[in-house]
Amino acid sequence: MALKVVIGLEMHCELNTKTKVFSKSLNNYNDIPNSSVTAIDLAFPGTLPIVNKEAVKKAIKMALCLNCEIPKVLIFDRKNYYYPDVPKNYQITQNTKPIGINGKIDVEVNNELVPITIHDIHLEEDTASLDHYFDYSLIDYNRSGVPLLEIVTDPCIYCPEAAVAFLEHLRNIYKYTDCSEADTKKGQIRCDVNVSLKEENSTELGTKVEVKNVNSFSNVYAAILYEIKRQTELIEAGKNNEIIQETRRWDEESGTTIRMREKVESIDYKYYVDANIPKIKIEKEWIEEIKSEIPLLPLERKAKYIKDYNLSSYDSGVLVKAKEVSDYFEECLELGINPKEASNWITSQILGYINKHDVEIDDIFLTPKRLLNILNYLNKGTISSKQAKELFYLILDEKEEPEILIKKYGIEQIDNDEELLLIIQNILDNNQNQIEEYKAGKTKVFDYFVGIIMKETKGKANPVKAKEILLSKL
Amino acid sequence: MIRKLHNKIKNNEIISDDLVKEAITNAEKSQKELNAFVTIIKDAKRIKSDNLLSGIPVAIKDNFSTKDILSTGSSNTLKDYIPYFDATAIKKLQESGAVIIGKTAMDELGMGGTGLIAATGPVKNPWNINKITGGSSSGSAAAVAAGIVPYALGTDTGDSIRIPAAHCGIVGYKPTYGLVSRFGVFAFASSLDTVGVLSTSVEDAAIVIDQIKGKDEYDMTSWNSENINLLNSLDGNVKNKKLFYIKEICDINNYEEKNDEVIKTLKEFNKTIKKCKELGIEIEEESFDQKLLDSIYPTYLTIASAEATSNMSNLTGIIFGPRGKGNTIDEMMKDHRTKGFSSLIKRRFVIGSYVLQKENQEKYLFASAKVRHLIVNKMNELFIKYDGLILPASSEPAPNINGIRSSHLRTEQYLAIANFGGYPSITIPSGFVNDMPIGVNITGKIKDDANILNIAYTIEEKLGYKNQTTKGWK
Amino acid sequence: MNHKFTNEEVTNLADKLLIGISEEEVKDIVEELTFVANSMNVISEIKEINDLKPLTHPFDLYETSLREDDEYEEGHDIEDLLSNADFTQGREIEVPKVVG
């Protein structure tokens, strides 16, 4: 009996607004506990939510990126449950009319486009953080009320690779649209993963197991693999009934999932419309305006690079994988750098460097402008391509302007005909035997001479010119 | 009354300090019999201004957040709560120079219509201390009726201003929903809660609401009312005004208990109608489906309880309120809530929670919210033809305190119609039945407060109970 | 047929709200819940409500605008924020250890 995995994802991501979603407190990362907190965030009696326009706008933007239907009116609901990280003991979220429904987006998995359908996108508030100590916990409400967007897929993903590709793609869209920093390291992204197994040809879904609060994409991948293994083993052992609808959590240390809630009875969150927030019309014009602000998204940029700049599919894919890299590339083009040349430098040299040194492309000293400088020297023949690479690393390491480094290290091509002639003549004079060999038809000797020229000039000789002169002298 | 006091202060006939001192003394003296105050503020502060309210004492229902002043909502869950911020209405009152001399007792957190369910004990009716005041703005009504303060702020979710006003022989005005900001007012049922005023004349009510109304950035359901000036709208001209009454409510045959008080109250109402007609107001009879009328109370109970249980889930004793005992946080919260809430509140919470449950929402909460919709549609239709609805504020004068069981089930709550649709609604005293005051209520279309107040103002003039207080504490 | 409310059901409901109730209170709640349930039967006979949506707000305030994101408030004084809490440590609220 062949089993097929069916995966559904819920991705929570904090939006990068200036203030919180329902209060004017700052939405920032602050180490000082309870420093970005006002009365609303602590649910003091009489306080009321005031909805942040920018948060709604960014939520709509994401919904549009995922081709969702946007409702005509904005409605928020309460999700009622008692837990100390929600001071109101209800979370304001969207249930009646999520900001986006019925979306669809294609994701590239192993060079193939896989469609993912979006059940809904809803805007809600993040919770406070609890710090646990030996026998007590402390509550810091700085995160309380940070706008949180939850994107829920249908159970439409059939392999862990596609799940991760989807999440990476989403993270990219968040960054491309400037809706979020989308930094997993800062805990801005958290995922719930629903995994079930079904028989290959069956239309019926298996029992769904939810793995909650997975904080990195590699852990999402590992958790799915683990659940497939665990559930497969249970089914193969005939213990299907031991797969129950439950909530588990990913335990990084053991690399397993652990049951969180023993109770089979699911919690009733008693969703109900929050009357404190009037129904607000979402005007068509506003949606159009938001739509017009959406930049080209990764796959669109990729298509453009292939079509307009003749780049390979592979290179284009590498360029759009991170928005910062793609932006760097486009800045290069704006400066007039040839697309192919820019792509080559970025995909081979620059990405190699930033990966090796674990730095961000925005932080390196070699800005597109300085790259243009290098290329100008190269194209003018002032430096050789080998020298260009040398200069490239010097700029990165020493954080100095190219002009200064060229002077400092004497990086300059010998371009002068007379000077080259002198050097070449001298070499030929000392290698009479090889000249004879060449004349006898051993053309390989030509390369031998080029090698010596380069060695003698420490690579500074203009290779094209040197070859021309060498040929004429032979 | 307010204008008279203002002029006396202005002409140096009385000194504000003396007025305030007198109010404080009277408040203290009244406590033993009326028990109207939770807190009497002996060092009442004020700013000086030319405003009509400047230097005049006022009492505030205890569910308003008052900075540095105990604000309990008459609940033990908040028995030591001292807010660090003012409700918007309080801020605006203080800007006028009004002097807050006390916080008044109320039915716990606004629930219960008797005035008997305050943490500080029952509030007594100044006309006869064996009678209830009605609630939940019980202390505010008693303080005004006893002449301790010329006016007091209250809140109205079902009839919480208008019933105690009727029972205490004073004016009680619930403005259109959102005319006054709810920021800083302890939430009971967010879609019904309204800030209003209890006073001894319609003019005073107009003055006070003019001062505290307005769009507030901290309450999204407040709205811009710059074009409304209530005081200036009181011109005594009611030519061509049309009111209707509901036949079934005013017909003695529809009352199960045809006791002497109901008979007399309805008789008095007919007299009032006659006087209105003498003023030139057209009054017609409209018939309502008895089933729909009978649905008002259960519908109100369902909606209000559902909203209340969610709104008040912030009362857990973690961030404010006395911390409960227990080894776990759930035990602590449960202890706090078990000890802090009275039986009535607990009952409402359980009902609210029951109707909010997923499997019950359709049958209970949504059905109720649909009845609400139906009633509002009907009223809106009638308001095309009529300026307002006129009804006896209550079918009987204040009942005896010892005649009320703690689990007393009220089945009559017609005034909640105004809360269903957010309509402005005002009760004015209209006479006496068995030596206890009764009132008449007028409800109009939304944002038509000026018109409704002017009609009430004109009728008040005709009925002759303006500036009525008991003589006991003067 | 009406649902018959049991003491256990009512106690369980209250427990989920973190509220303890006495036997007397249970009795009153059962009584009132039964009243509500009976009333809903009456309501279900009002055919006109079938075509209506639940009314969640008294009236529409479509003209309300959302809050602009540029204006912010500094965090309030920590003394103010914590002044009503019985158990604090440093700048935080202290509670018994919470287990997920």
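Lettered A, B and C in written order, each chain numbered from 1.
Definition applied: a residue touches a chain if its C-beta (ideal position, glycine included) is under 8 Å from a C-beta of that chain, and two chains touch if they have at least 3 such contacts.
Since this is a predicted model, take the numbers as computed values, not measurements.
**Student:** So which chain ends up closest to the centre of the protein, judged by Cα positions averaged per chain?
**Tutor:** Chain nearest the overall C-alpha centroid, as shown: C.
**Student:** Sort the chain pairs by how many C-beta pairs are in contact and tell me the top one.
**Tutor:** Result of the pairwise contact count: B-C comes out on top.
**Student:** I'd like the Å distance between the centres of chain A and chain B, where a centre is the mean of that chain's Cα atoms.
**Tutor:** 56
**Student:** Between chain A and chain C, what is the gap in Å from one C-alpha centre to the other?
**Tutor:** 41
**Student:** Between chain B and chain C, what distance separates the C-alpha centroids? Give it in angstrom.
**Tutor:** Chain centroid spacing, chain B to chain C, equals 22 Å.
**Student:** What residues in chain C touch two or more of the other chains?
**Tutor:** Counting only residues that touch two or more other chains, chain C contributes 17-18, 56-57, 61, 64, 67, 76, 81, 93, 95-96, 98.
**Student:** Could you pull out the residues of chain B that touch at least 2 other chains?
**Tutor:** 81, 84, 191, 217, 220-221, 309, 313, 316, 318-320, 329-330, 333, 353, 365, in rising order.
**Student:** Of all residues in chain A, which are in touch with two or more distinct other chains?
**Tutor:** In chain A, residues 39, 42, 50-51, 82, 84, 137, 139, 272, 275, 278 touch at least two other chains, as defined above.
**Student:** Which residues of chain A touch chain B once you look at their complex with the stated criterion?
**Tutor:** Contact set of chain A toward chain B: 39, 42-51, 78, 80, 82, 84, 87-90, 137, 139, 268, 270-272, 274-278.
**Student:** What residues of chain C sit close enough to touch chain A in their complex?
**Tutor:** Result: residues 17-18, 56-57, 60-62, 64-76, 78, 81-82, 89-98, 100 of chain C touch chain A.
**Student:** Enumerate the contact residues on chain A facing chain C in the complex.
**Tutor:** 17-19, 23-26, 32-39, 42, 50-56, 82, 84, 130-140, 249, 260, 272-273, 275, 278-281
**Student:** Could you list, by residue number, the parts of chain B that touch chain A in their complex?
**Tutor:** 63-65, 71, 73, 78, 81, 83-85, 87, 182-187, 189-191, 217-221, 306-307, 309-310, 313-316, 318-320, 329-330, 333, 353, 356-358, 361, 365
**Student:** Give the list of chain C residues in touch with chain B in this complex.
**Tutor:** Going through chain C, the ones touching chain B are 10, 13-22, 24-25, 28-29, 31-33, 35-36, 39-40, 42-46, 48-50, 52-59, 61, 63-64, 67, 76-77, 80-81, 83-87, 93, 95-96, 98.
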